[in-house]
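Presented sequentially are two complexes of chain A, the first with chain B as partner and the second with chain C.
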Partner chain A sequence: MSDLNTTMVNEYRSNFLKEVEANVEEGRWVKMCMQCGVCSGSCPLGPAWEHPPQEIFMMIRAGKRDEVLKSESMWMCTSCYNCIVRCPRELPITHIMHGLANYAHRLGLAPKMNPTRRFAKIFWDNIVKSGRVNEIELSLRLYFMDGFKNGVEKAWSMKDIGLGMLKARRLNPLGFVTHKGCKDTKGIHRMLKKAREIEDRRKGFAA
Partner chain B sequence: MARKEYSFYPGCSSERLTSASNYMVSVEAMCKTLDVKLNEIPDWNCCGASIGYAEGGELPRHVMNARNLAISEQVNKGQDVVATCAACWLGARETKDRLADDPGLLAETNEALREAGMNLEYKGEQQVRHMVEVLIEDLGYDELKKPVVKPLEGIKFAGYVGCQTNRPFGIAGESFENPKYLDKLVEVMGAEPVEKYDQKVTCCGGALAFSEPEKSQAQIKKIIESAYDHGAEMIVTPCPVCQMNVEVYQGQINKRYGTKFNIPVTYYSQLMAVAYGASAKEAGLDGQVIRARKLEEIAAKSAGR
Partner chain C sequence: MADMKIGAYVCQGCGLGERLDTKALAQVAQKEGKAHIVREHEFLCNAQGVAMIQKDIDEEGVNRVVIGACSRRAKAEAFHFPTVAVSRVNLREQVIWSQPATDEARELTQEMAEDYMRMGCAEAKKVVAPTPNAAVGTNKRILVVGGGVTGMTAALEAARAGYDVLLVEKTAALGGVMAKLFKRVPFREPYSDPQPTGVEDLVAAVTNEPRITVFLHATTTRTSGAPGQFSVDITTESGQTQTENVGAIVMASGFTPYDASRLPELGYGKSPNVVDQSGLEALALAAAAKGEPMRRPSDGREIKSVVFVQCAGQRDASGTHLRYCSGHCCNTSMKQAMYFKDQNPDIDTVVLFTDLRTPGNGEDFYRSAQKKGVTFTKGKVSGVEAAGDGSAVVKFHDLILDEPAATMAGVDLVVLATGQVPNSGVNIDIPADATDVDDKPVEHAVSVLNLTYRQGPDVPQLKYGFTDSHFICFPYETRRTGIYTAGPVRRPMDIAQAMDDATGAALKAIQEVENAALGRAAHPRSGDLSFPTFRREGCTQCKRCTVECPFGAIDEDEQRYPQFNEGRCRRCGTCMGACPVRVISFENYSIDSVGSQIKAVDVPDEFSEKPRILLLACENDAYPALDMAGVNRRVSSAFVRTIPVRCLGSVNTIWITDALNSGYDGVMLMGCKHGDEYQCHFVKGSELAAYRMSKIDDTLKNLNLEADRVRNLEVAITDMERVPQLINDYAAKIQEIGMSPFKGF
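Right, the complex of A and B next:
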């Protein structure tokens, strides 16, 4: 349990809905859900969700904090936006799911080994480093996230795809060295640090 | 002077030796023919993509997009911002909309932006548009048809629109469930769109192709199967993630499901470049993992109306 989690548990004690409204992106919409289930039925990965969005909304209102934040569910979102365009009440469901996943991740409650959580972190660190995606580094970091042996196996299983991309000149084998990214990386780093500070201050995350 | 000019946000996957470099090559050929000038936003950065949410959070994501838009306002004054990548367009436009609705978030964004170089301030002066919008709305199908010198006769395309050029914003006047613009573009280029392609707006799994390959490949299988079932010889799409996911995993899907998929997946801009008389190389066709032979054949023929 992180300190931040303890802080939030103490602050919102038995009101998880209030906590979500205050701390989760677009969380103020949660109470508008009328439980029609169109979102759950529209999700391409619907069957893979332990608790589909409709259920998540009800669980938030029922105060099931641990069950929601520790769930793998939100990590199944592919960002296809089908739920958003079909929701009869026009809830920004995709963003709420992203927001919940981000919040769970910040609190240290999200499932540690969830592959999408881990990939998302590798991705963000990758783009922040130079301001732009470094594709070869991104792929290799993903393959090798469980150690060297595992990485070699994964990379081997992906070799045909890699070779295809190399042959099509859509992958830079020297990208580790030659990737340039933005000129003002320092400015971007300062800007992102500031953004994080502001957001943490606003949400009461700051220590 | 060019007929139209835009502030261009190419995005990470458009760079040389990246996953959608063939898209970029064909866009250049297409725009040259159409006399459309793209003024690249200097020192643009990544939009954060969709998957950026988990580590990035809300404000850092908007700040990333606002930086691009603020540079654009400063350097490419009075021009609309145009993105070719679905995720870039979505990310930038989401930021524009959110900041327009929320003065508090706008103030916070600008506070963070001041930390970057160039004395940036985001004002929200420019529209954020996808290349397809520009083609359809600013030029129109008739203008797009005029430069066709090699109609793509006899090729059947499944128009795979996918998610992020279609939802949540989409192209004005199109439905989310059955958008028609891609089919119309195919037709205008002299090819044949397959009717009733029922996986037109199905999600390919997006970034989850990396993290949840089995689940994502089940989606991709549906998308390809339906294209075959409806008689398509190629798939065409406006989105770099759709293109890559649907093209490069066919071998793995064949192993997993015992299928025999081998269908080329192209960009609308490649169709247009070839129809406008570009060579296979100029249309980025050498960047296909699964060769688009029928397009290559047309590109190799000498033009004649």
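Right, the complex of A and C next:
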């Protein structure tokens, strides 16, 4: 997808660290990690990560570009902010995790089938379309992202919650028809396009 | 001497009057203690009470004062009667406060108090107020050996405090290691950048200080004497010797970097591109002189990548290399990485560490290094190999990612953080003619001080060749009174710490010349005027005192009799404890002064169910712990009679056999911890006591007594909870083995 994918990375050289510093949100903080492991120990999902945050930071310094960018790990972050609260070096770990995920996605290296990535994509496309989330469409797309049969099963298993939400008027069943977008959808699209251009230029992505 | 006249005083304050029959105590002092004057007072330490005692001294000719009140550790100012001998009877902390405040306990509490009165009177008969030694040395000049940052700082501090200093430096110039550094680690906020060392200013200050005389190219080739009267030969390279007198010595002989050629696996010696930290400083200085960046030593090529290997030959559990951490090297590597980063941020600098240790404000310095882009990787280096192009490959085990075979290739320069090896001179614990496992003679280091002491030419070492020093209580004190070590010869350290150390040692040296001039002891019996004397006619020349004195105070005279150097003596009494024929004594502390206290105790008969246990407690730690237990009202057995001793080293086994012979049921000794992490204030006292006690089993066997009749215990000053427990456990043990068969003889 981009030249960046073929960047030569030396083991234990700072090339990748520098790339992260330049292109990943809050990436300039990575070098400040002192490897205490408090973040990994604090993350409620830590045990489920292949490479918890501390390790990710070390891998970046060790120049393990592919392993990091192709990893599922940072996609596991639920933004609970436990790690940020506890990091003695005050690294914005949560933001770095999202930054890394986003960067990997932009490079096309992120694991295609990662559920968080897929959800994020569906959510983004949904919200961008009209400038506002169409909830019923979002939920249905989410249910049926793995095919019709799977979708029906998933929906059935969630039916009680769904009915409850309908009763409580938290879900509009007619959302497909009645969903209203923002006033100036075109203006929003123009804005997002511009933002993307600026970001691409800054991070060196081909337009 | 004038006739002995004892005045005994019993205080009724602090609850003593309520818990004790003070009238009966006064009677005991009079009838049994043979006190000439006895008085009770409701508040003895107040002005009126003290005046009453002083009046008896002045008008009635009282020359021994027995004070039955609080611990000798309390009210020392009030009960200070320097012209007479004073015995303090501890009725408060160790009698009424350590016994239950109940009616049932009254009888035993009173018995305890009466025994202590008897003991106090018995001691008073055997002691006199010490008169200062006549052979004092009054020289107040201070000799500093070593002209590095430690020595220069010590010299300046002493000079600025008004003392003349002789500064002896082996090389041609002052400055030591500090002069060989490009920059130093910062000592001040914001702890972010390497700083100029400031060595020129320091050298200039020393050179311009009129009180300091500098000897360059010079060594100390003979040191004899004692505090206040050392005589030192200073010999210059040309062979000229001059003899100087000084009062105290600061030994600041510094360190030598560990020999990196013993680390061939890390590439040292194989490639010029592998250097140690001092090698890197040399490169940096040379480059700075030329105004150029540092270049690769092998071919002068530009340096793009540097790896720092921490703990090179340090913290080595196998014992092949240094076992310890030198403390400064992590900060030093960061500083050196900054040399590169500050000049060109594109140079890759990686610090490979297993544990990063950044004492002091090093944590801020660490953060600054990270900000500058120095990379820190936790890994254990297994090897450094040369690649064809002159670069190196560093192999290591990445400890975070757990990659045993991680490598870094294309490294232009490898810096090994090797440690500090103290320049402490000869290890006097190894005999001069010792041989190693292969029967080859052991190579001895060159002596620094060349002491003429019988015990050897340098100060004793403790661990890993660093000079002996007690890190909590007396860091600069060596076991050679009046000689203080400072800087990395004492323990590994950096410049800032060495400067603090130098200041501390200079102050100790000043204290010592002042004390010595008055004939007073140094720490821990500071101010003590007593000193040991021996009865020549009785001495068998066994040399135990000479050998066992922890401070090397005793030499031998021409007739092979012990020769006491009072100025070097710390008044521990170890010699007194060692002497098998008991001819060594102090005016206010002797075999007799303690022995007669032991005998003064009233030992009830076998059927009384009242055992007697003697407790000999070290006055530095155990006795204060006992006092503190009393202050906290911790109850301990009423059958124990405690006598404070200067050090367990001063305990002569005769006291123990006498006690057992006269019907005591058990003897406890409480002293400080010994061994490498000793807490003994006299360093070797408790160790020697433990050794002597390990031999007492034979004596017990001869007396047909159980081994448990003597118990030697290690306690610390903080043990106020434990000490009563130990006493009670032992009392229970005695109950279990039963009363001594020696009662009533």
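Rule of thumb we're sticking to: the second predicted complex is superposed on the first by the 193 of 207 C-alpha atoms of A that agree within 3 Å, B and C clash if a C-alpha of one lies under 4 Å from a C-alpha of the other, contacts with A are read in each partner's own complex, and residues count from 1 in each chain.
Quick note on the criterion: contacts are C-beta pairs under 8 Å (C-beta built on N, C-alpha and C of every residue); 3 or more make two chains touch, one makes a residue touch a chain.
Please read these numbers as outputs of a predicted model, since none were measured by experiment.
In the superposition on chain A, contact is made by A:Q35 with chain C only, not with chain B.
By the touch criterion defined above, A:Y81 lies against chain B but remains apart from chain C after alignment on the C-alpha atoms of chain A. Of the two partner chains, chain C is the only one touched by A:Q54; chain B is not.
Shared-chain residue A:N150: touches no atom of chain B or chain C.
Between chain B and chain C, it is B that contacts the larger number of residues in chain A. Judged by the touch definition given at the top, the superposed model places A:G187 against chain B, while chain C stays out of reach. For the contact definition in use here, the chain B contact set and the chain C contact set of chain A share no residue. Against chain A, in their complex, chain B makes its touches with residues 12-13, 15-22, 43-46, 48-60, 62-64, 67, 108-109, 111-113, 115-118, 163-164, 167-168, 170, 176, 202-203, 205-208, 210-212, 215-216, 219, 248-249, 251-252, 286-289. In the complex of the two chains, the chain A residues touching chain C come out as 10-14, 17, 31-32, 34-35, 54-55, 58-59, 61-62, 64, 89.
In the complex of the two chains, the chain A residues touching chain B come out as 25, 44-45, 48, 76, 78-82, 84-86, 94, 98-99, 101-102, 105-106, 115-121, 123-125, 127, 131-133, 135, 139, 142, 160-161, 164-165, 167-172, 175, 182-184, 186-188, 190-196, 198-199, 202. Across the complex, chain A is touched by residues 305, 348, 350, 356, 366-367, 370-371, 373, 375-378, 398, 400-401, 406-410 of chain C.
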